[in-house]
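You will see two complexes here that share chain A, one where it goes with chain B and one where it goes with chain C.
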Partner chain A sequence: MKTILKYSAALLAMAFALAPIYWLITISLKTEIDQFASPPVWFTFTPTLRHYAGIFAHDAFGHYFLNSLIVSTCSTLIALALGLPAAYGLARFRWPGDWSRGISFWILSNRMLPPIVTIIPMFLMLREIHLLNSLAGLILVDVGLNLPFVVWMMRGFVEDLPREIEEAALLDGESRLGVLLLIVLPLVRPGLAATAVFCLIVAWNEFLFALILSQTQSAMTLPVGIASHVTQYEIQWGAMSAAGVVAILPVLIFASAAQRYFVRGLSLGAIK
Partner chain B sequence: MTRRLPPGLVWVAPALLVLAALSIYPLLYLIKVSLSDARGFTFEHYTRLFQDRLFTVAAGQTLFYALAALTLEFFLGLALALLVDSLAHGRALVRVSLLAPMLLPPVVAAVIWRLIYNPEFGVLNGMLRQLGFHTANLTWTSGRTSAMLSVILVDVWQWTPFLFLLLTAGLQSIPSEPLEAARVDGAGYWRTLRDVVLPLLKPTILLALLLRAMDLLRIFDQIFILTQGGPGSATETASLYIYRTAFRFSNFGYAAAMSFVGLVITTLAARGLMRLMKIS
Partner chain C sequence: MSLRVENITKRFGARDALRGVTLETRDGEFVVLLGPSGCGKSTLLRIIAGLEEPDQGVVRLHDRDITQLDPSRRDVAMVFQGYALYPHMTVAQNIGYPLRVRRRPSSEISAEVEKVAARLGLAHLLRNQPKQLSGGERQRVALARAIIRRPQAFLMDEPLSNLDSRLRIDMRAELKHLQHELAVVTLYVTHDQVEAMTLASRIAILKDGLLQQYATPPEIYHRPANLFVAGFVGSPAMNLLPGTAESGIFHRAGLSIELPALTGARRDLTLGIRPEDVDFSMAEQPGWTPARVWVTEDLGNETLIRLSFDEAFVTLRAPAGTRAGIDSLAWFRIRPERVHWFDSQTTEAIR
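Then we have the complex of A and B:
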């Protein structure tokens, strides 16, 4: 009896979590008649790909998608390129006193800055140097968003490695850079991949910075593009839901690749 | 005089410089903007803050939103973590399903719920009608009181998984000895939970609450899509009000002052919480 109750509660929770996502997918596959049917149609409708064809035929949507892809990939790569050496430096060098801890915490505290605080000066600064409505400005801001996270995560992964191999290589005359690239990098690859996935998701989902820094259609990212259509074309449920599904897909694919590292990634490494 | 710099600094310096350029410099710039207007130095933006009723309302609503959502998400997340932990089969499947909402772009999550809440064609009212309810007055996001509850529900839907995930990890890292000992002593489920599990889970609980609270206080995306702060200013939060002030009314000085004050308050609150965590 108790077991049945437990499983029903678990099923109910699963339904609450998944039904809205399922609903979005069905709407994106329904004709208008089925979308607005009352009572609502959950399973028995003839699916159509018309809405998907519609959004991809629309030039702007391809732009949004491509922009999101460029911004999230570039910002992730730059954050990794800056963050991995920093993590290695913090984990493996002798630092006077409490420096290593102090620097790590300062880096992490950057992550705690609310975007609404940095967005005003960022907007004004980027306007001065004419980087508004450019992908470069957005990439820069997303690097700032992800870099603290990369350093924090990768420092943990590097510290988890045994030091002996690295020390042997250093004794053999290998340079520090060689050690990082030839020994450390291959060993932390799973952790690095997971970190990259989290950075990609953060940059892909990011909204507030993109909303303010890229207001022209050619520079908009997917979330901003979707948002602008929500308020303008309230009634186009098909286009809206199809765009939503397209925005979700990469995230789900990324995430399934990094499942094992969820906890560490989302708690900023505080729980391993 | 010639004390050498720590050798690791070369490795860390690029990251530090980039971060400083993206945080310290903007922060100083923000303070400068908040202290100046067209004629030069002024303290006016800060004095205005204390007389601005809209700011007080937005701050109060942010706090209400954050507290309500945090409470619901915590208790639901804890209950679910304990429930799933005690299942004999299918734990992995349940966990993955429960985590899904958290991964979606907040904008898409909000779009989904806009479709669900739509009073005329939304599935929520559609199902209620099927059950025989009158739904003519159920307007969800466009009613003054129901709007706040509706946006909170969306938050609970999307972010309970976050607390669920962290608490599950916390549960899994509890060593089995104290649990065994409690069982041998004949302690029942609830006794064990209260006297053994929850005390051991406390650091995780505090961390999860801290991380979630920081995000809740800056809430923007979902509300922007769902209600734009309306109807009236019924769901206006601090971030939305600052956004409007800066980017709709181009009053950057005042918006800068508000966000600086908000930053100071949340930093102090986070410090307090962190101290609490260290003591325990």
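Then we have the complex of A and C:
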């Protein structure tokens, strides 16, 4: 009885969470007439792949998709490469007084600012260095968004490693950099994977900065591209939904590939 | 002289971890740093390893000042209490790591690894991961990793304390033999006085960051420098009875012992006597002190008896099979020629 209740509660929660996804998928498969039918057609419609064919026939979609892929992977890799050494330094080196905590908190506090506050200065700065409407500019901004989170999270993972292992490596003759790359890096891999997935998703979904900072088609990412189906004259629901479904797929793939690490990484102290 | 620390001082916040410790070892010597927890022994070892920086003082290895040198460039190997094996590497990779860091050819590394592994009985475990090993095996891997590159000194921080007691005794003997074969100066930290007595060629006893005594195990045992050393080394511990001296006689209720000339004019003295230097009898003997049997512990090869007299206890070793009921009346005698005298005020031994 208890089990039944538990499962029905879980099913209910799942239905609640997945309803918009269901709606998105069905709309992407419906003709315009079915999309606006009232009362809504739930299951009994003739599916059509017309919208999918439409977006793929439209060159720009593939282009947006590729842009998004480049921006999110590059920004994630850079954020990890910069963030892990920073986190290691904060976790392991001797800082005067309470500086390590102070610096960490300051880094994290950068994420507390509403993005809309920084968007105008960001626009002006990127314009000065000629990175508006470029993928490099978006990568730079996404690194900035993700770096605080990488430092904060990786600092925790490094602190959870037994210090003795690193000391043993130092005495075995290893340099600090060697300790970081050959001892710490392999041991924090689960945490790194979880952090990477988080960064990928943030960068993949990032809309506000991409919208303001990339106004030409050459540098548009997927979220901005999808939104461009809302035009002055009509809203292309079918095309937007189809593009949305395709946009979900990479996130789904990242997350399921790293699921094993994700659960382990988020339950702190996994490496003992 | 191979390893020497001079006047090492270290503070952690408001606490003095080490207060001017000077220590010198001879080539190939096995020195044990012994003391209760918090006495600074581990800090001293970590300073020698380069994992902590001293506030003052110098560390010398073969006449070279290494105080400011990076741990990786000191050419000392360390064995940690928690073994500190690399969990993502196999046993063979763990043992070979110090050679890999030194960029030796891999054929040479695997040959060396096999040699060291065979010596420590690890040959069949080389492909395993550390987490598949027992505590004793992990300890051996840590040792193998330390000896493979023939360092100029070994530092060991309570390496046996995570093992169960039987294994600890086996590993202790093995370690001593291995150290003798390698003849590399070894500094070994422990709080276990039996471990210190059995392993050391010399013991350095630390308390509150100060060196109390640095001597061979027999000398520590038979000529303790002060009350702390006397009470810390030996199991069961030395009996320590404070009393007063008056015209050449040591007084303590129920006990009077003639004082040797060297105690001089001091008034407050403490008498120290080892449990094996106290005689025991269930029958009254002329000149012996009466007491009550508080508890007896039959260990098979001997019997430990704890007597209570005048709100104090005296522990003594009696022959195996000695019978004495709890609370029965008994007599004991302190052998005067075996008494250690201490100044109660300064706690120093009077010799």
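Here are a few things to note about the model shown:
The criterion applied here is as follows: the second predicted complex is superposed on the first by the 234 of 272 C-alpha atoms of A that agree within 3 Å, B and C clash if a C-alpha of one lies under 4 Å from a C-alpha of the other, contacts with A are read in each partner's own complex, and residues count from 1 in each chain.
One rule holds in what follows: a contact is a pair of C-beta atoms (placed from the backbone, for glycine too) under 8 Å apart; a residue touches a chain by one contact, two chains touch by 3 or more.
This structure is a prediction, so every number in the text was calculated from the model and none was measured.
Under the clash rule set out above, the superposition-derived model of chain A with chain B and chain C shows the two partners fitting side by side. Legend: residue contacts after superposition of the two complexes on their common chain; A:E174 is shown touching chain C, with no touch to chain B. Look at A:I21: by the touch rule set out above, it reaches chain B but stays clear of chain C. Greater residue coverage of chain A by touch, when chain B is weighed against chain C, goes to B. Using CA centres, the angle subtended at chain A by chain B and chain C is 100 degrees, rounded to a multiple of 10. By the document's definition of touching, of the two partners only chain B reaches A:K6; chain C does not.
Residue contacts after overlaying the shared chain place A:V117 against chain B, while chain C stays out of touching range. Fitting both structures onto chain A leaves chain B and chain C with a minimum C-alpha separation of 12 Å. Note: residues 271 of chain A belong to the chain B contact set and to the chain C contact set alike, using the contact criterion stated above. The touching residues of chain A, counted against chain B in their complex, run 3, 6-7, 9-10, 13-14, 16-18, 20-21, 23-24, 27, 35-36, 38-40, 82-83, 85-86, 88-90, 92-96, 99-100, 103, 107, 110, 112-125, 140-141, 143-144, 147-148, 151, 201, 204-205, 207-208, 211-212, 222-223, 226-227, 230-231, 237, 240-241, 244, 247-248, 251-252, 255, 259, 262-263, 266-268, 270-271.
For chain C in complex with chain A, the residues that touch the partner chain are 49-51, 70-74, 76-78, 80-82, 84-88, 97-98, 101-102, 145, 149, 155. Contacts from chain A toward chain C in the complex involve residues 162, 164-165, 167-175, 178, 183, 186-187, 271. Looking at the complex, you find that chain B touches chain A at residues 6-12, 14-16, 18-19, 22-23, 25-27, 29-30, 33, 80, 83-84, 86-88, 90, 94, 96-101, 103-108, 111-116, 121, 123, 126-127, 129-130, 157, 161-162, 165-166, 168-170, 173, 204, 207-208, 211, 214, 217-218, 220-221, 224-225, 228, 238-239, 242-243, 246-247, 252, 255-256, 259-260, 262-263, 266-267, 270.
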